[in-house]
Structures are given as structure tokens and as C-alpha cells.
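Following this line, the structures themselves.
In the two complexes that follow, chain A is the common piece, with chain B as its partner first and chain C second.
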Partner chain A sequence: MRREPPRTLADYTPLAFPALMLIVFFVIPFSTMIAVSFFQRNPAGFYTPDFVFDNYARFLSLFFAKVLGFSLMLAVLVAVCCIAIAFPFTYLLTRQSRKMQTVWLVCLLSVLSLSEVIIGFAWQTLFSRTAGITNLLVAMGLMTEAKALTPGFGAVLTGMVYQALPYTILVLYPALVRLDPTLLEAARTLGASPVRAFLNVVLPALRNTIVATLIMVFVFALGSYLLPQMLGRPQHWTLSVLITDQAIYQSNMPFAAAMAVFLVLISLALVGLTLMLGRRENAG
Partner chain B sequence: MTGFRNRGISRRTVLGTGLAAAGMLAMPSVLRAQDKSLKVGVYGGYFKDSFDKNIFPEFTKTTGIAVESVAEPTGEAWLVQLEQAAKAGQAPADLSMMSQTSTLKGQSTELWTPIDPAKIKNYDSLLPHFINKYPDGRVAGIGAVAWYITLVTNTDVYKEAPTSWEALWDPANADKLGLLALASNSFLLEVTATTFMGGTKALDTDEGLEKAFAKLAEVKPNVRLWYRDEAQFEQALKSGEIPMGQYYHDVTGLAAADGHPVRSTFPKEGGIQDSGNWALSRASTKVEEAHVFIDYMSQPAIQGLMSRKVGTAPTLKKEVLDLKPEEFAAVSSEIPPIIPRYDLYTTKADWINQKWTELIVS
Partner chain C sequence: MSERLLRRFYFFLVGLFLAAPLVVVAGVSVNEKQDLAFPPKGFSLAWYGQIFTNPEWRLALIHSVTLAVCSAAIAVAIALPLSWFLWRRIAPWANIFQVLGLAPFILPPVITALGFLTFWATVGLFGQFFTAIISHAIFFVTLPLVTLSLGFASIDRSLVEAASTMGADDRTVLKTVVLPLILPYLVSGYAFAFVLSLNEYIVAYMTIGFTTETLPIKIFNALRYGYTPTMASVSVFFVAIAALVFGLIAKFGDIRRLLGAMSSDAN
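Up next is the complex of A and B:
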């Protein structure tokens, strides 16, 4: 099939719908948010349209820098853990029979139907002292006393990885299924062990997919605000938790908007940087 | 009523169920032509459903005013919506249930039509703190519902009930407390001031606030959970996972009555009393009907029934109510309550919020 370059205006019409969606669901809300972030906050009431930098100035402090740093670190860690677990899992899954794959995928999809709240409560119970998994370990004689594993960093990380894992697998699956099996056969014929073939052939062949998935999980995790506050201590609260506090509880929309704009810009910059590095490596 | 509480649905749901029961018993029914109407904002969900089913029909029968109820989102989103609409001359609801802080914030833009005390028969029986006034003395809101936040404990873990808020500071309670996560809903600054600084007047000055923050910082090692969502703490309290904290008196009482090992104690310094007002949007033209509604809701009979069946603290003085001593004790206390310093959350909101967040996060 040969693709003609678009010549007339009519040739561009297929673009109209996506463009409209992008404008309605991204450009307009985001522009509104940017506008609000410059408004003047009135603590006794609401806000008045204005052009002030107070909201950004308040954000530029060591305190918020630390919270932002923690949020980014957490999101990166969640993304890395998800890929580390999901990639080998999905690879092995694609080598199963068709029926087996369907069963697994249906199970994974059903996990997606759980809301964040349910996931949070479930892990809270699993990690509790009174009813949690440590009781099992005590019964097995591996521990002397049941103890609470939540709240803590480990609990937050576990909850968030659990939540993002099905998405990761579903994004990786199509690419891994389409992976040309002859590549592996060639590697094996040339004497590579299965593990070596996986590391030296499968991984590099899918590098772009992996990078794209990393970014998706990173962005997904960055927006999480429920699990960090349910499973973590206050020092594990992400910037999203503080944004929610400002927007919902303090009705300080200008400051919430300024923080959100900052978060979006930082994550866009990180995504851009990742893509740029990837392209350079590919070119070189 | 057992099932839903175990699933940890919020306190408003619990209140709503009781209210439904109260409504059924409340009023004789007299049908009249419904040529007048009123839009009333109430918290969405089960609460609104039970008002719709039981309170509003009875009110309509008694007064001939048809009620259209509007589901209000929680937090201050509703205040923002009312404000924006009023600017355009619209009233998404005539009367709304508003928190004290929201009522004060609305005052700053003259959002509320003043209420005429002469038209509320029981106005003089209202407890003074249930009358929210503009600085010049006009009435901005009248108490709608009130509730207590008290010191709660798991009875399996604490055989003896604590007697003072000082228990929160006790080093023996390390990593055992569940407290509300925000300055403006935990009111812990007020608790600190009342317990250690002789009263909430100590918070008038910045130095007083700094001192309260410093004292409050000592609680941090004892806190296992800073919660925003009630269900999060309630479950942990029942199981003994987090055996002490601050929580709602009424819901704790219901859980105890259900056989859970929990108790609510009014500390000797007093429980924290929070409340919501009925407030009338300035864009509303239903001033007359709104007064009839507030008058109806402020009757001793209705307040007494709500206390019995719902667990809300009455907005009227104890003398005019027909509550038995044990019924009164179930929802309130003779110990003077700690009344939150709502004014601080409008005048110094951002400063307090920033200090508070830094206090607990860092």
C-alpha cells in the first residue's frame, strides 16, 4: 500500500477528531490550570483573577523540593520494579499455550477492575499486625511475633507496584507476542543459552517498548495520591497528596494549580530527556 | 444497620440512616397545596436519600412548601460553586448545609442572606455557638447538625478509659494513635491549647500558635496513622491495630453498641464539637420559605428525635429538650466542649496549613 502525502485540506480531515479531543481534554483544562496558577489567593474566600508569582514562590522551598524529589524517586522505582517483574513474566507468558495465555490475561484484566481504594484496604489488612501475613510466618515458625508492615515505604511501594503491574503487562504483551521467534532460534543455533538469548537478543530488540512502558508506568505512578497516604507515613506522601490537600481541603486552587503545573513540567522534561537519550543511542 | 457500618461507610451514612428513622416518627401529616418550593443542599449519598425519603415529605406536609434537594459535594467545592453561581445571579440551592469555616468564608463575599431571628421561634434556645454571625451582628447561619470528636480507645488494649487528652502525649502510647490529618479537621491545635495552655484564647497570637505547634510536635512519635478518610481509622480501631485516637463520638457509640471493643471518652478538658449551619445564598429569592425551614428544623421535638435516632448533638439548650439523661450522654456531655477556632482557618489558613504540613511530613 502506497501512502500519498496529503495535498488538499480535505486530506487532513482524519486529523480533526483527534485534534478536537486533544484540545477539549488536554489543551483547555491545562491552559485553565496554568491561568489559575497565576491567580491571587484570598485565604478568607476564593481567588481573584490576577497575574502574580506568589504561588510559584511558595512552592520554591526546600520542603517542597524534598517532597517533589521523593515523588519522582518513588515513581521511578515503581516503574523499574514493574518492568523488572512484568518483562520476564510476559515473556514466559507468550511462550505458553494460547488457552493458558487467555486465562492469565483475563485474570490480569480482572485485577484492573479493583479500585485504588480496595487495593489500599486489602494491602492494609495484609500488612497489619492483627490479621496480616506476618501471622502466617509466626504460625510457620519463621517469626516470633506478628508485626505491622504498614505504614512504611515498603508497603507504599508494594501497593503501587501491584496497581501498575497489570497495565505494564498489557502494554508489553503485544510487543512480546509479535517478537519474531526466528531471532531466538538463530541465537540458540549460534550457541546461546536461553537466559543469554533472552538478555542479549530479546531485551535489546524490545528496548523502545521497554522505554515507552517505563515512561507510562512512571507517569501513572506520579499521579498516585491514595496509596501513599493509606499505606505510608506522612514522609511518604507524594506531591499529589499535598496537591489534593490544597485543592480539596484548603480550597487554595491557585497554589494547587501551581504545584500541578510544576509536576507536569518536571515529568514532561524527564520524559523528553529519556526519549532524547534513547534516540541518540539508537542513532549511534 | 449492622452491615454497612462494618464495611466502613462514612459517618454521614450512619447519620443518614438514623435520620430516616427520626423522620418517620417526627411529624403529623397535614397535606396542603404545594404552591411554594425550596431548594435545599445536603451532603450527597445516603444522607440526601434519607432526607428525601423521610424529612422533606413531612416538612412539605406540615408547611406546604415543596422541597427539591440538591446533592452537595463535600469539602469546599460546594462553597465555590455557590459563590460562582451567585455572581451570575443563580442559586443552585437556596439553603445549604455548610461547615463553620465555609460559612465564614462565604461571609467575606456577603454570600449569605442574613437570617431574621424574629422568625425562628426557638432562636433564644439555640446554644450561642450555633448562631454564626457577620462581624456587624447579622445572622449568617443557624446550626443544622452538630457532632463531637472525642478520645477513643480499643477496650481490649486499654482496660481503663483515659481521662485526659494528655494521653495522646504519653510516651507509653508510642506508635499507637490515629489522628485526623489536617489542622482544619483535627482541631488538635485547639486541643493542645485547651490541655496545656489554659484555653483556645492562647491561639490568638502567633507566639501562642508557635507554642502550640511545638507542643503538638511531641505527639508525632505516638502517631501511627494520620487519616483523612474515616473508614481508614475506624477499622483499625475496632481490630486493635491502632488502639487509640480521635474519632466521632456518635459513630464510636454505634460501633460499641454493635459489640465492637471500642469506647468514646469525653476527656476532662472537653470533647471537640464541630457543626454545620443552614445558610441561605444571597441569590435566592426564597427567603420566606428558608426561614420556615430553619424554624422547623430548630424545634426541640425535631432536635430531640435527631439526637435519639441519629446521634447528632442538639443545637438547642439542654433545658428545652425532652432527652433523658442517658440519651443526652449518648450524644453530648455536660463538660464544656472545645469549640474550634474557625476564625483561624480563614484569617491564617495558609500559614497554619503550611506549618502543620511541615510539622507532620518532615
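Up next is the complex of A and C:
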């Protein structure tokens, strides 16, 4: 059956339900949120309709600048750590047997689907005084006394890398598994060692993929809403945590919405950049 | 040889990093008393029983499973006709709906969650259980959409052509050729959405968090009042479900293809 353009109205019927659902329950909520970001806070209810820029004006404070700066710095750090670990790993994984790859992919998907609550709880436990990793170090004689490693910046970073690592590997996987094997063969026949071939051939060939993945992981890390709260101190809170906090605990929906719109703009700009990079890679 | 050893070591390190927190949680979950101790003191599976016997945890489990079963079904119901239409028809503007389907998943989850919160609060349905079902269905529609698009792309169009030259109309082709061919992709799309919905916290919390507890919400709330090994046993239970579901997909389908190992060249 060839693909044909729809001719009659009846041809459009399959589209009706999906279009309706996506418009009513995604486009409208999204627009509502944008509208609310210009509304005024109403301590008694959710908000009062209005058209003010107050919620955006609040961004111009030192506190907000600090949170934003910290969020961006943390997300960059997570993205860099994840790529540094995941790129060589994914490369090696794609050269394993199919069976081995499948087993790893199942494990990675299982970790990826874990709730942030569970990841936070698991690392809290691993970093705790009574059940934590320091007990192991004490038993090995490397430390004198078990201690808690959370809350702290290291704990936040570790938890977020843990959350984003399977995602990074799965984003890199298609590009690496489809990498032309003759490229590498050529390098090897010309006398390059495996490590050299990896550094001088594979890495440069996938430069754009790496940058695109870096951005995707960055956006992913920017969205982490519980780990900074569960594993860190208030100064480690990110924009996502702040949005949740304002929306739920401070019941200041307009301000939360304004921050969310801001976060959308950052994310969209970065996703757009990724798409452009992807296009260039396909063209070149 | 040393290269191979190095590679094994690297795999071991990554595996250890991924497994370590889960191993500790599994250890904690079998403590005999209500301790947060590792290695566990004593051995007891009572905390696993708690998930089903303790009324609060059981209720949370029922909420979570209901939410996941229904929302994944709606997600598939949205994704199937959409991806079928995009495969069957040439209508470039309809791709906008594909983008809409992918967007909630690519944006930071807090944003989608807040969008739902403002929407349900505005229409006055805030806190009703069904709002969470719809919200999850939209949030996770990406997954069946991606697997089904892959599924349609893998269909050999000459097969469909053969059926229609032999007199089958659109409906018959759909029922006898297309649906059986994409069934595996449909099932895996459902399974992905199901597992992720089960684990999802923020959208559920912002839609029904004040009135209803799902398991992730229950764990988070319980953490604030102190610790019980039931949280650990629920966590292990969730990991086991995820591993089981993805393991089944891998056994009966091609998970490497689903994750992009082969290009969808039919486009």
C-alpha cells in the first residue's frame, strides 16, 4: 500500500482522538501555565488573574541568580561526568556479543526507570552512617570511624550521575552501534593501537554526537527535582526543586510558573541546538 | 590480553556503581528488626509481606498499579492511531502531533507536572484520581509513540501492497496484516509506559499528591517520618518488576532494535 495524502474527511478520523487528547491535555495545560506566570498570587486560593511581570521581575535577585548559577553548574558537571564514563563504556559495549549487549541494556533500562525517590533513598542508605559505604572502609582499615556522607554536594553529584548515566549510555548507543567498522579497521591496519584508534578515529568522528549528548544529559540533569533535596542541603537546591517548592509548599503558583517558563526556554534553546548539530552531522 | 583485562575491569566498575545502592537496599530490606543496618542483622522477609498486608502500603500499591495499567492503556490508545496515520498518509503538517507527543518527555518533568497542576486547578478537578491517569498517559505517550513508529517503519510495504491487490480493503489490511506485525512494538510500548508510570513521582504528586498516595509518594512521605525497611522492600520490588518486564521484552522482542541499534531505513 502506497502512502497517500488524505482525500476525504473520513481519512482523518484516526487522527481525531490523538489530536484531541494532545491538544486538550498538553497544549492547553502548557498555555495555562504560561498564562498563570503573569497572574498574581492569591494566598487563599491558587491565583488571581491579572497581567503583571512581577513574577519575572523576581528573577532579578541575588538569591535567584545563585540558584540558577548553581543549577547550571551542577547540570554541566553531571553531563561531563556522565559522558566521560559513558562514552568509553558504550563504545566497548557495542563491540560485545549481542547477548551481552542485551543483558546490559535490560539492566540499564531497569536502573533508568527507577523512581527518583528510590534512587534518592538508595543513595541515602549507601551514604548513611549505619548501613553506608564507610562501614566497609572501616572494616578494611581505611577509616577509623563510620560517618554519614549525606547531605552534601558530593552526595548530590553522585546521585545525579547515577540517575543520568543509564540515560547517557542509551542516548550514545545508537550512534556508536552504527559506527562504520571499516573506519576502525583502517586505523588498525595502518598500525594504530586500539586506544589510539579510539582516541584519534572514533572520538573525532563522533564529535557532534558527543556535543549533542552532552546537551541532552544537561537538560535531563536540569530536570532532577528530588535528588538535590534528598541528598543535599538547602544551598544545593536547583531550579527544579525551587519550582516544586514554590508550587506546593509556598503555594505560589504564579512564581513557580514563571520559573518553569524560564526553564522551558533554556531547555528548548538547548534542544534546538542539539537538533541543529544532529542535522549537520547527517549532512556532512 | 591486558586490554581485555582492562575492559573487564571497566565493565566491572560501571556495574558496581549501578548495582551498589541496590545491593545495599536489598540488604537493608531483609533486616529482622526495624533497623537501617547493612550488612543486615538477622534475616526476615516480613518487610516484603508488609507491602501486601499493611493497609497503607497495600492501598498505595493498588493506586500505583491502577494508575500504571490505565495510563499506559490510554497512552497506547493515543499513540496507535497517530503513528498509523503518519505511516499510512502523506500529511507533513500532522507531524506536529508527533512533536507534541514527544515534547512532555524531553522537557524537564517538573514543567509538565506544573502544567498539569495549573490546568487541573483551573478547571476545578484538582485532586481527582482520574486526572493523574490522564496526566500520566500524556506524559508517557512518547514511549509507545516511539516503539510504534519503529514498528510501522519496519513493515515491508510490499506485503501490504500484496494484500490490497488481492482485494483487501483498508480495514482488513489493518486487521490481518498490519496489527499482527506491530503487536510486539505495541506490547513493548505499553510495557515501557507501565513501568515508568509505576515509578513516576512528580506528575503524580502535583496532580493527586494531596489526596492519594502512590507507592513513590508513599515512600517519600514515609521517609520524612523516619525509616522503615518496607521502603527498601518496595524499592527492591520495583527493581524486580522493571528487570522482569524489560527482560521479557528482550526475550520476545529485539530490545537492541528498539533502542536504535538498527536504523529504521523504511523511511
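The working rule: the second predicted complex is superposed on the first by the 231 of 284 C-alpha atoms of A that agree within 3 Å, B and C clash if a C-alpha of one lies under 4 Å from a C-alpha of the other, contacts with A are read in each partner's own complex, and residues count from 1 in each chain.
In the analysis below, contacts are C-beta pairs under 8 Å (C-beta built on N, C-alpha and C of every residue); 3 or more make two chains touch, one makes a residue touch a chain.
Because the structure is predicted, anything quoted here is derived from the model rather than measured.
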State whether A:248 touches chain B only (first), chain C only (second), both chains, or neither. both
Once the shared chain is lined up, is A:148 touching chain B (first), chain C (second), both, or neither of them? first
Check whether chain B or chain C contacts more residues of chain A in the superposed model. C
First (chain B), second (chain C), both or neither touched by A:135: second
Contact-wise, after the overlay, does A:46 reach chain B, chain C, both or neither (first, second, both, neither)? both
Kindly classify A:164 by the partners it touches after superposition: chain B alone (first), chain C alone (second), both, or neither? neither
If you stack the two complexes on chain A, which partner ends up touching A:235: first (chain B), second (chain C), both, or neither? first
Would you sort A:118 into first (chain B), second (chain C), both or neither based on which partner it touches? second
On the A-aligned overlay, A:178 touches which partner chain: chain B = first, chain C = second, or both, or neither? second
Residues of chain A that lie at the interface with chain B and also at the interface with chain C: 46, 121, 124, 128, 130-131, 230, 248, 253
Chain A-facing residues of chain B, complex: 75-77, 79-80, 83, 104-106, 108-109, 181-182, 184-185, 224-226, 228, 232, 235-236, 239-241, 346-350, 353-354, 357-358, 360-362
Touching chain B in the complex: which residues of chain A? 41-46, 58, 63, 66-67, 121, 124, 128-131, 148, 151, 229-230, 234-235, 237, 242, 245, 248-253, 255
For the complex, give me every residue of chain C touching chain A. 3, 7, 10-11, 14-15, 17-18, 20-22, 24-25, 27-28, 35-38, 74, 77-79, 81-82, 84-85, 87-91, 94, 97, 100-101, 103-104, 106-111, 113-119, 121-122, 134-135, 137-138, 141, 157, 160-161, 163-164, 173, 195-196, 199-202, 205-206, 209, 216-217, 219-220, 223, 231-232, 235, 238-239, 242-243, 246-247, 250, 255-256, 259-263
Residue set of chain A touching chain C in the complex reads 1-6, 11-12, 14-15, 17-19, 21-23, 25-30, 32-33, 36, 46, 85, 88-89, 92, 98, 101-102, 105-111, 113-119, 121-126, 128, 130-133, 135, 162, 165-166, 170, 173-174, 177-178, 194, 219, 222-223, 225-226, 230, 240, 243-244, 247-248, 253, 256-257, 260, 263-264, 267-268, 271
